[in-house]
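Chain nomenclature is as follows: A, B, C and D, assigned in order of appearance, with residue numbering initiated at 1 for each chain independently.
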Amino acid sequence: MENSIYVAKPKVVNDPILGLIEIKSPIILSLIEHRWLQRLRRINQLGLGELVYPGARHNRFGHTLGATYLMELAIDTLRSKGEIISDEEKEAAMIAILLHDIGHCPFSHALEYQIANVCHEDLSIVFMEKLNEEYNGRLSLALQIFKGEYHKKYLTKLISGQLDVDRLDYLSRDSFFTGVTEGNVNTDRLIKLMAIDNDRLVVEKKGMYSIEKFLVARRLMYWQVYLHKTVHSAEQLLISILRRAKDLCHKGEDFFASPALKFFLTHEVTVDDFRNDSITETGKTVLENFAMLDDSDLLVSVKTWSMHHDRVLSLLCQNLINRRLPKTMVQDKPVGKFMEKYLRERVMQEFNLTKAESEYFVSSGTISNKAYSQNHDQILVKEKEGNVIEIEKVADMMNIRALSTTISKFFISWPKNIELE
Amino acid sequence: MENSIYVAKPKVVNDPILGLIEIKSPIILSLIEHRWLQRLRRINQLGLGELVYPGARHNRFGHTLGATYLMELAIDTLRSKGEIISDEEKEAAMIAILLHDIGHCPFSHALEYQIANVCHEDLSIVFMEKLNEEYNGRLSLALQIFKGEYHKKYLTKLISGQLDVDRLDYLSRDSFFTGVTEGNVNTDRLIKLMAIDNDRLVVEKKGMYSIEKFLVARRLMYWQVYLHKTVHSAEQLLISILRRAKDLCHKGEDFFASPALKFFLTHEVTVDDFRNDSITETGKTVLENFAMLDDSDLLVSVKTWSMHHDRVLSLLCQNLINRRLPKTMVQDKPVGKFMEKYLRERVMQEFNLTKAESEYFVSSGTISNKAYSQNHDQILVKEKEGNVIEIEKVADMMNIRALSTTISKFFISWPKNIELE
Amino acid sequence: MENSIYVAKPKVVNDPILGLIEIKSPIILSLIEHRWLQRLRRINQLGLGELVYPGARHNRFGHTLGATYLMELAIDTLRSKGEIISDEEKEAAMIAILLHDIGHCPFSHALEYQIANVCHEDLSIVFMEKLNEEYNGRLSLALQIFKGEYHKKYLTKLISGQLDVDRLDYLSRDSFFTGVTEGNVNTDRLIKLMAIDNDRLVVEKKGMYSIEKFLVARRLMYWQVYLHKTVHSAEQLLISILRRAKDLCHKGEDFFASPALKFFLTHEVTVDDFRNDSITETGKTVLENFAMLDDSDLLVSVKTWSMHHDRVLSLLCQNLINRRLPKTMVQDKPVGKFMEKYLRERVMQEFNLTKAESEYFVSSGTISNKAYSQNHDQILVKEKEGNVIEIEKVADMMNIRALSTTISKFFISWPKNIELE
Amino acid sequence: MENSIYVAKPKVVNDPILGLIEIKSPIILSLIEHRWLQRLRRINQLGLGELVYPGARHNRFGHTLGATYLMELAIDTLRSKGEIISDEEKEAAMIAILLHDIGHCPFSHALEYQIANVCHEDLSIVFMEKLNEEYNGRLSLALQIFKGEYHKKYLTKLISGQLDVDRLDYLSRDSFFTGVTEGNVNTDRLIKLMAIDNDRLVVEKKGMYSIEKFLVARRLMYWQVYLHKTVHSAEQLLISILRRAKDLCHKGEDFFASPALKFFLTHEVTVDDFRNDSITETGKTVLENFAMLDDSDLLVSVKTWSMHHDRVLSLLCQNLINRRLPKTMVQDKPVGKFMEKYLRERVMQEFNLTKAESEYFVSSGTISNKAYSQNHDQILVKEKEGNVIEIEKVADMMNIRALSTTISKFFISWPKNIELE
């Protein structure tokens, strides 16, 4: 049977960042072989980031394996320092991180809310619940930990906190594949310095400079990679394409798309539609339809639509597929409203479009990032004497407070061939 | 205009292996932006290799940039040793290597001859010739060099020889992304030791141990990555899928595929069809149709066909998409014919198939590799006294001769769930 | 003749951090072969740091070559951006950085002012002046640049500023050899982003996160390596040994030391003694005597003195040579005076020593560091619009101000076998 | 007490190659702190190799820790494959490799047999036996394993075989510090593929290409580093210096040397003198005298002797200390005898020396290396079917036989300033 749980031999995966990763747990091996996890092989970790960093084509699957391995290392470290963590808890925490990204849509963050009006964390929970049924309740503890409902809160914090194995893995990984070496973090050292104090995850004080460097590296990766203006403009372009395609669908235009993608182009779905197993015209549930989607559905559609008779759609698609990305201006204060008006005017003239059509070609908005949050869930440091304080209160760490300001930048983008003179 | 040649600002690309690569030549910048070269972004360098090495999702585009950069380094080295190479020759050699993979089909080597009955080198030449027209003959010298028709034969040898910039780049690159660190070669040193002697590319003698290591690393990469038995079995599976899809097409079955792929499923084309610009029913030439194809066309089709009513096709597709790859046995002597008969019998029973249908599920054949060829185009070593000899004749390099034996291995593969007792 | 200037062939050095470094300038090649520069081969870059980081035995010679190479890269970058720098200026700037550490004493910073009462920068200038005579004035421009007397101030700033090639090299190098990977900085990128604006060294704005990371990495290296408490306690021990040895010398005790070291044990010298070429009883000038000293003189003496009949000296030496290093406490506020009294009392009892003798075994003081100085010589950032501002005034770089606080820590160290209970 | 065994807390060492190494065994921690092992901190792994590769100043101490750690990994791997190895055996094997280099003299191989007429392996055994007394027989099992007297022969082979943890560590380490990246070997993979078959150490067949690469990397390191002609000529120079110094001593000349070194300059000792604890005029045993020696004794002496009134000695020492190394010619056939005669003649004229004196300046001989030995102790490969064969008999590994030829090269070296025209 397709998803039957079977006893597997341990497997070794050669990860270019973490080396040989051995996976021994039969249930984890079985989950990895599940079609829903295999799907993550076909979703890029950095979405369109590869248009700026050609090496950055790594997928969510590799990140998922890496984070699971780091969870194992973290728990082994905590155990070696005397914390009692049962084998069941360890396996559950590893399963929770293994499945944390299972609800991601194609192109990850770029298309979140665009394909279906649901955030990826909620979808991950729906997927986990379905898997839990399939695995006869054996994922219940993992689900509890994931949702923060288990009493050992530090296990949840290792999955999702300001210093969790998710961030530790993706920073190293994205740094490796983009070649932005400055984003690299000393994962090994940061994990070895973790400890538990009164059920709270803490870091030994001698690791404080490493944490500072971790936060600074993360901030650098945000501005240099994740929010890179060219990547951002490509994402805006993809969103415009999807918007135009949906609009045309609603007008009854028929056009090429894989059956799975066509369903989402023609239906607005909510998280309940995923949960309720309602059957669609493809004979599959909404969830199964979603689970058929990956980056390739979008890529093939964009390529094919580049020859579509709707000029707006074909122009947008040609620009993306041949990497003629919009120009983007990023600045510290909001973009004046006349600039946007002016650019739309130019687009209308240049491409002979209506005002409504021009809106697909000019986009503006805000991008913001905060390296560290002082308000909740702070990183805790354990001093030699045993007291535990927030990292930003440690002497010599005052600059962490400065890192907790939200930095907002304002952007506007428009077609490449329009010069601002 | 889409492909107009324009003066561009130098661009810098961050390559995770080679660091910051600066591209200054306007024509090279223009070619990189051409849709035909951008297509290489969507073709994996190692095809299905990512199913075994999850990090190995790098594309032909990155390899192409890397090899072009290494060509620049090599020519700068040769110039610094007194060889006169004009700026035109340098640019042409760089263009030739930039375009050397432009004719690759999706999944590279796996589908060569399957999509169209042409080898990728021939197709690359057709693409270059079309580009040469578009660029008003400015690629003529590059074409001459590529085809080996230019009098400075060493420029051709740098593109395609037993120690060329193509191999130097892909070995380092594939080693980096797979995590098979042993495949890494000392590109920098090997290039710095190159020289020209009487119009022949030679390597200084003190580099002989580096060449030996390069050949051994290449051999290791062949058996551990390129011809890895699981990768190979996945490729056999993809070939069977394509074969079945074509067979069904010929029987008149209608089914989902992007227009570009559908053309190749329903037509047998030759290299002349590419050359002749004949227009197809999509309104595009055969070449333009081909240039629309990349890995995503195959992936979306395989996913969609996994729900096809033809059981053979859907079973094969489910196996690939969910990574239930065939088992493979590899051995030093040919597989006995009864084993294959026996396995087909088992497939017929297990899946309730006809004999003809069972053939898609069992494949056998030979894989072979030779690390070094002694017969032509040997690597030449320049001794201190100035004489030039073939590497395999250098004292202490006798083992190179052993590397020049062709090693053949015999494989057979069959569906995962069939146990051999 | 020993130091004759001769025309040399270019040489290539294999640096494990920077790769193949080619040195072409004949005068630089000649200086590298000078005995005074060869001496830097025998002085560890991190002094006693190897007692904590076993890999950190790299010497000042390698650092010196590395920094000279980075100077070449920096000047090539500035030239490529249109700045006019003559070949003479380039060579002079390279010579200045090549010689910047030539006045270092054994064990570098630890013994500064202990062997002779002169700082190493002043000594480096004396050495350069003597070399300038030997090279018939060909180092005059290098000296001017080194001293900040040349009108192109940015050349001086590249040698000694808050973002100079000295720091760029030693951070990467020390990070590499200690294995403290977090200290690594993106030298290549930082140099490529340098520019000159109105005779001032500036960094392009898109490099601001890299600068932030550079400052944070430097701070981390300070606390984790350079001021590491165990390294610091070993240095205190070495200083006590030298102090005791000098004291015994002054009392007329005769004991083993190399002739060069014996001179400095028995004489107090000032910078003028170095300058004046006064001849000592060894028949050599003070400067030549100093130039005979390196780490090995101290090591052999400490080993031999570990069998000396003076118990204070032999105990101290045994502790250093066999790595029984003092315990050290480091805290944010000054050490209470009774603690020091108490520890000396314990030492007197434990080792049966007088009060005066006990002082060699307990040391206390302050160690401090400032990651960035806001008061002078700030790092300047050039914004896109062309205006130049101090890095700490750039929006989103407010935390740099926090890094400019001087952090002081207070330490006390005492013999290992005394427990504080 | 100086060498008392005490219970220590686990320690972590930051190794730049292997990462964080944790040492838990109290007896191993105690041995590491022993003055005899601390001495290895002051002996370079590659002796004078740093004169060619400036980064290569790493010591035997780091190698020793690394190899001990690899032994732990190897035994953990074998245990995970079902081999029963007791904790005592594991600790003993780790101790044996920890102490395997303890008998090395200064400058390692260069001065072997020059300081005392004993090979370093024999001396290591004497040291271990003395330590075994000091540790009340707790090293007996380690000694048995080291000497090959324990019935589990594979433990001995892990210490000293054609694929042992010694070689695995030093190849990676020397590659890292020299920057000769091609010498790097995939330690992790090679260890993970080890297994035991009938009490024999074997490697799984899928590791055969990795073994081939290991042998080729080792060969490359031999010719490019260990037997590099400039390194070799520096070693010849050091040997000549020591020979001249001894000759002068025997003639009754008095001169500077540390007491420990002076003893060996003036006495010819055998392995029995080490074993018998005979007391020397320094009041120490021969063994303790030897244990006081390290690289610094030689360095300080060579520096001081560079001012000695004996012209032969001072010339030789100046050449070494200021790195004016002899020229060396290396060729595939023996050096003609007239060349040596001629060069001595030239030396006599140039430096105004007698014939006997000239012999210190010209040296000739043979250097040879064999990458793999087919005669005994071959590397065994376990095929899938379970049979075990020698690596050189595996199909596709025929070239290993070629690697088992002994390659001999012939050298002659003479003072730098004598041109051969």
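The rule is short, and it goes like this: a residue touches a chain if its C-beta (ideal position, glycine included) is under 8 Å from a C-beta of that chain, and two chains touch if they have at least 3 such contacts.
Because the structure is a prediction, the values reported are computed rather than measured.
Colleague: Using CA atoms for the superposition, what rotation angle relates chain A to chain C, in steps of 5 degrees?
Modeller: C-alpha superposition angle, chain A on chain C: 180 degrees.
Colleague: Taking mean CA positions as centres, which chain lies farthest from chain B?
Modeller: The chain farthest from chain B, judged by C-alpha centres, is C.
Colleague: Return the distance between the CA-based centres of chain A and chain C, expressed in whole Å.
Modeller: Here the centre of chain C sits 45 Å away from the centre of chain A.
Colleague: Once you find the CA centre of chain B and the CA centre of chain C, what distance in Å lies between them?
Modeller: Result: the chain centres lie 51 Å from each other.
Colleague: What whole-number Å value describes the gap between the mean CA coordinates of chain C and chain D?
Modeller: 31
Colleague: Provide the list of chain D residues touching at least two other chains, using ranges where the numbers run on.
Modeller: 19, 189
Colleague: Classify the chain contact graph as line, ring, star, complete or other.
Modeller: Looks like everything touches everything, fully connected.
Colleague: List the residues on chain A that touch chain D in their complex, please.
Modeller: 12, 19-20, 188-189, 192
Colleague: Mind listing the chain C positions that touch chain A in their complex?
Modeller: Within the complex, chain C touches chain A at residues 181-182, 184-186, 189, 209-210, 212-213, 216-217, 219-220, 223-224, 332, 395-396, 398-403, 405, 407.
Colleague: In their complex, what parts of chain B are in touch with chain A?
Modeller: 2, 13-17, 19, 33, 35, 38, 41-42, 50-51, 53-55, 57-59, 61-62, 65, 176-180, 256, 258-260, 292, 294-297, 299-300, 303-304, 307, 318, 321-324
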